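Two complexes are shown next, each including chain A; its partner changes from chain B in the first to chain C in the second.
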Partner chain A sequence: MSEITQPAKSGPVAGRLANNSQIVLLALLVVLCIGISLSAAQFYSVENVIAILRQCSLVLIVGAGMTMLLIAGEVDLSVGASLAFSGCVAMDVTNKTGSVFLGALAGILFGGLVGLFNGLVVTRLKVNSLIATIATMMILQGGVFLYTREAVQNKHQQPAFTDISTGYLGPIPLPVIIAAAVFACAYVALRYTTLGRYIYAVGANAKAARLSGRRPEQLKLLVFVVTGLLAGLTGLILASLMNTGQPTAGRGFELTVIAAVILGGTSLLGGRGTLLGTLLGVLILKVIDNGIIILRWDQNLQMIVPGVVIVLATYLDLVRRRADAR
Partner chain B sequence: MPQSLSLSAAAGPKRPSEWLRALFRRNEIALLLSLVALIVFFSLASDSFLTTRNITNVLGQASLAMVAGIGVGVLVISGEIDVSIGSLAGAVGIPLVVIMNMTGSLELGIAGALLLALCVGVVNGFLAAYIGINSLIVTLGSMFVIRGAVYLYTGQKAIPDDLMLESFYQIGNGRLFGAISYPALVAIVLLSAFIYLMRHRPFGRKLYAVGGNPEVARLAGYDVKRVKFIAFVICSLLAGISGILLSSRLGSAVHVAGLGFEFQVVAAVVLGGVSLAGGIGSLFGVALGVLILSFLANGLGMLNIATEWQLVTTGLIIIAAVAFDELKRRAK
Partner chain C sequence: MTKFLATLLATSAAVAVMSASAIAAEMPKKIGYVTNYATHEWYQNVIKGMQDRAQQLGIELEVRDANLDVNKQVSAAEDFMSRGVDVLIITPVNEEGVVPLVRRAKEEGLPLVLEGNPVKGMTTMVAICDYDTGYHAGVEAGKYAKGHLGGVAKVMNVGLPLLSATVLRSNGFMDGLKTEIPDATMVHDLDGGGNPDRALEISAAALAQNSDINIIYGINDSSSQGGLQAWKASGRSQDGLLVVGTGGEGLGFINMMNTEPSYQIEAAMFPEKVGFTAIDAAVKLFNDEEVPQHIVSPTTPMIGSDGWKQYYSVDGTTRTINWDAVNAVQPAEQCMKTAADL
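What follows is the complex of A and B.
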């Protein structure tokens, strides 16, 4: 930010380092990787790295949408339920039509519809998004069982369907490619387009954005739909990975995503946040998860550690911002 | 929400008559009418709905959400939120049953359970109110940590009540004079006490002031942090009491007890007209919100409608209620 600042004293340097919360996150990630690999050498094995990346890709896809949504000052708790439903829809439509393309399209569009519903309820009916999406979550969790009593089995046996999650492009798994593409699009949109700038503006101060001629409602609606579509896409990948449409999949997924996004430095109040932070947040949470497994610790720690990490990261962010304000 | 904020800021400390008027201007009447309409509808539609047996059954179930809802209501009115109550309500069963199994004393078990709830409330409150971390994040964190700790301790198995104490069974399932179940009694007593606290004690006024506009509350000389801290402790303690009753109804400490409970309770609180922005709402409304959702779930069950529809209708009703509330506010 300031090339003018004299890095002569140690104070400003340390300040500037700590100032950039992404550097702190990156350092945390490096420390974690080194720490884990010292005690378990297989951490750096190709299979393990690929497993981590595949795990990350699901969270990252939804996380990209959720980051934009939080920056715009809203939140979506229905993504977990939505992706379970989308997965069932995708599998069901593929079963019925025999076309993977149609199935995939149906799954993704279903997620988009859920996003549209959320967006309309929040922007038109003015319902607080936390409550609106908790309600949507209930509707979807009930609705998915009305749609299908049990898991939708793979009856079509199309290889293309399983390839969505288990296929490779060169050495890289397809979900990772998809996640990277989604991430790149979102990154460019948020960073280099006027649309992205409006998202920050609307989240930081909706009133000011409206006075300057923006339409916060339309923009928020768009971001809800995008998040919904991405949840649908994730549901499709998950259904492909599990080879069934599982109505109970994705329970608690929304919390993991929000945890990763917040860990990445995105503010719950809107107007602040970066996708790069979210990427680091996702990586850190999933490396911790993986570390717990390969170090053969009790897997129930997988719930405790992220909980502590989120609170700690938010605290560090708070300290940093207070130092900024001074 | 901004309108109401500026309103309370401009009006300053309210007189009791204004309190009353504000209360009736809000949606308690509409909620009460919906509840009555719901009961009338279900009693016409199903013979077994309006029976003493069924009504006591519903009230027994509603009281668990009611007890926790009072705490969440108090906290949300103070401008904060707690999503860890489901994990906590499940977790308190463990010290309760473990201590009871060891010592054979229900009282010691309850003391252990309440101590755990107190600790959680103090930690949540300290991190959110004094350190200033967003309460949604703090309690999301503790939700994970508490549930994870429960899984870790129990190895994802339920801990049975070895002694089968009659008193332990009674607190969740027994009835006073054979009529009012103990959980309902606990809920009614707590509700009355907290309605009194919120409306007639200085602390209640402080909660509304702090939630409505913390800056103004601070300038008025209130210790904003302390008020919010106490609200967190109250919320956790009530969730703990709710968890003790739950554990007695389940007859053991179940590791998955209370999963999703936080969403149900928050939904009921918001349905009851408490604004998530803080400073607006009443515990009477919360009670009505809980009752409406409980009677709805029970009535739909009576009509043999799949339980899945209950989730769907609950979700739709919450959206409709909050949207209606917002429209009404904008119309003014």
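What follows is the complex of A and C.
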């Protein structure tokens, strides 16, 4: 992350590319957009751009939290299961109370509680976050079927609920507005506040941060809760988009989010990363996803691409670290 | 006269008691069922149908869930065998994985009924005809298109190419549709993964690529729902659109038929009836009766917003099957096409 780590001034081509990753990503995004547009003019239709942005918004909202979490040196693999459960809670509470506000609040808070649980397990019980959040994912995937044996149907039929995902503010879909607001808040917090610098410091060297009088556990707990709240918010939007609370939704969503975040240059080892990179990572993955459909390519590629991206981005991260060490 | 009536009643009662005890003597005491994925609505209702039928016949039914794990399935089935169930019913997680179980059951003389998918060496299987299910829904969609869509049929198939059963449904739908509208075309043939969020995402991109469609076909309820939600999210009106779902798995399709004007046809597969039929097949095997290798469980298209009411009633979050109506649906003697025809 450029905020705390100076890029290497020299080194092999891969190292230089890695250190200018955002420019590379932006160039890649432009090339992708131009390439797909030349092959299929529908790609840059307003409708398709809106479809891409709507899909990006879901990944970006959770991606903002995940970026902070990875920078702090932790990870959350339970976000997919959490958003499915949150969506069920949001729909169920709206059905029972008739209040979209209470339903939305319940869904988001549920996500926050999952984040709090993850944070406590990691910071108090000292369980590795990879293991802890896989365990939470399993608990949630099983638990949601104790909560509801089937998809929670929309019984309230309140337009405000579906408007959360399908409504517009001017020409822009509401989920995109929500994602932009989340992104802006996270960007400011990470870039311009003490809290943001603290997150980088803890991820780069938790011991040093502790010796300088900071309390990494509290900070990590906070970031887990924020990520959980954002997963809950995404669950709410997804439930609104599908018009049901789907217990099976979000399978593999966590991998898409992580792929986008590390493609954006955030290190799996902590201490490095930017939200701008995450935004570019999300856009690239979703443009590729969309392009595969638009170009009528084999849809199995949609599963393969994030996997390849994870491998490449992790490799680039290693290259970048080696370059920094020189 | 009174004496005659009394004698008649006494004789009838004696015959009834004897018949009842004869039937009871031929019933298995305990049936073990190993399902592949009990959390799915489809299997919940298969189990419900089994429980209903087992209760009617006075049979104890025990259910275990393999949770999509073939090892867990084999272990649960072996446990049932060692505990001496009279009949075993299995929904295979993986056709190859349960072949040893089929062999062992034969060696031990344990009647075994498969549900859903065929396995090499099996005695019998209870399953719907996937191609026929799609075909009959396609015929009804064609009739609807003639009456309401100007005789034009441009289809977005939200499919699942990974499974032969779902490919058969999609193929059957298009073939049935073409019996009414020979010029019907499949504009999009998508892999929606069988789940609504994936189906939604894929459908949204496909509609952006080409929105000149007027029929959305889903290989299950989640797929048709994802396709429809993508249509709605793009701001389109449902006027001139027909959505056809498949499965009738839970409450989702009922909610959609009640609230979405375009959701007019559901290819009902009656999971409860599948469970009901599996128990009947188990009883027949227990009594060494001849059974076909494929016992077909009936399916039928439900049409219009009230179409489901003939077969189901809903109270809050519980749906109840109307057994008289469902049992009156005649199953095909044999499937028009099977996986072997692909």
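A few remarks follow.
The rule is simple: the second predicted complex is superposed on the first by the 293 of 326 C-alpha atoms of A that agree within 3 Å, B and C clash if a C-alpha of one lies under 4 Å from a C-alpha of the other, contacts with A are read in each partner's own complex, and residues count from 1 in each chain.
Everything that follows uses one rule, which is that a residue touches a chain if its C-beta (ideal position, glycine included) is under 8 Å from a C-beta of that chain, and two chains touch if they have at least 3 such contacts.
If you're wondering where the values come from, they're calculated on a predicted model, not measured in any experiment.
When the shared chain is aligned, chain B comes close enough to touch A:M137, but chain C does not.
In the superposed pair of complexes, A:L255 makes contact with chain B only, with no contact to chain C. In the superposition on chain A, A:L301 contacts chain B only, with no contact to chain C. Using the contact criterion defined above for the overlaid structures, shared-chain residue A:L238 touches chain C, although it does not reach chain B. Residues 145, 300 of chain A lie in contact with chain B in one complex and with chain C in the other.
Within the complex formed with chain A, the chain B residues making contact are 127, 131-134, 136-138, 140-145, 147-149, 151-152, 156, 263, 266-267, 270, 276-277, 306-312, 314-316, 318-319, 322-323, 326-327, 330. Only residues 39, 41, 44, 190-191, 195-197, 200-202, 204-211, 222, 225-226, 229, 232-235, 250-252, 255, 259, 317 of chain C touch chain A when the two sit together in their complex.
Interface of chain A with chain B (complex): residues 121, 125-128, 130-132, 134-139, 141-143, 145-146, 255, 258-259, 262, 268-269, 298, 300-308, 310-311, 314-315, 318.
Contact residues on chain A toward chain C in their complex (touch as defined above): 40, 42, 45, 47-48, 50-52, 54-55, 145, 149-151, 153-155, 157, 162, 165-166, 238, 241-244, 246-251, 289-290, 293-294, 296, 299-300.
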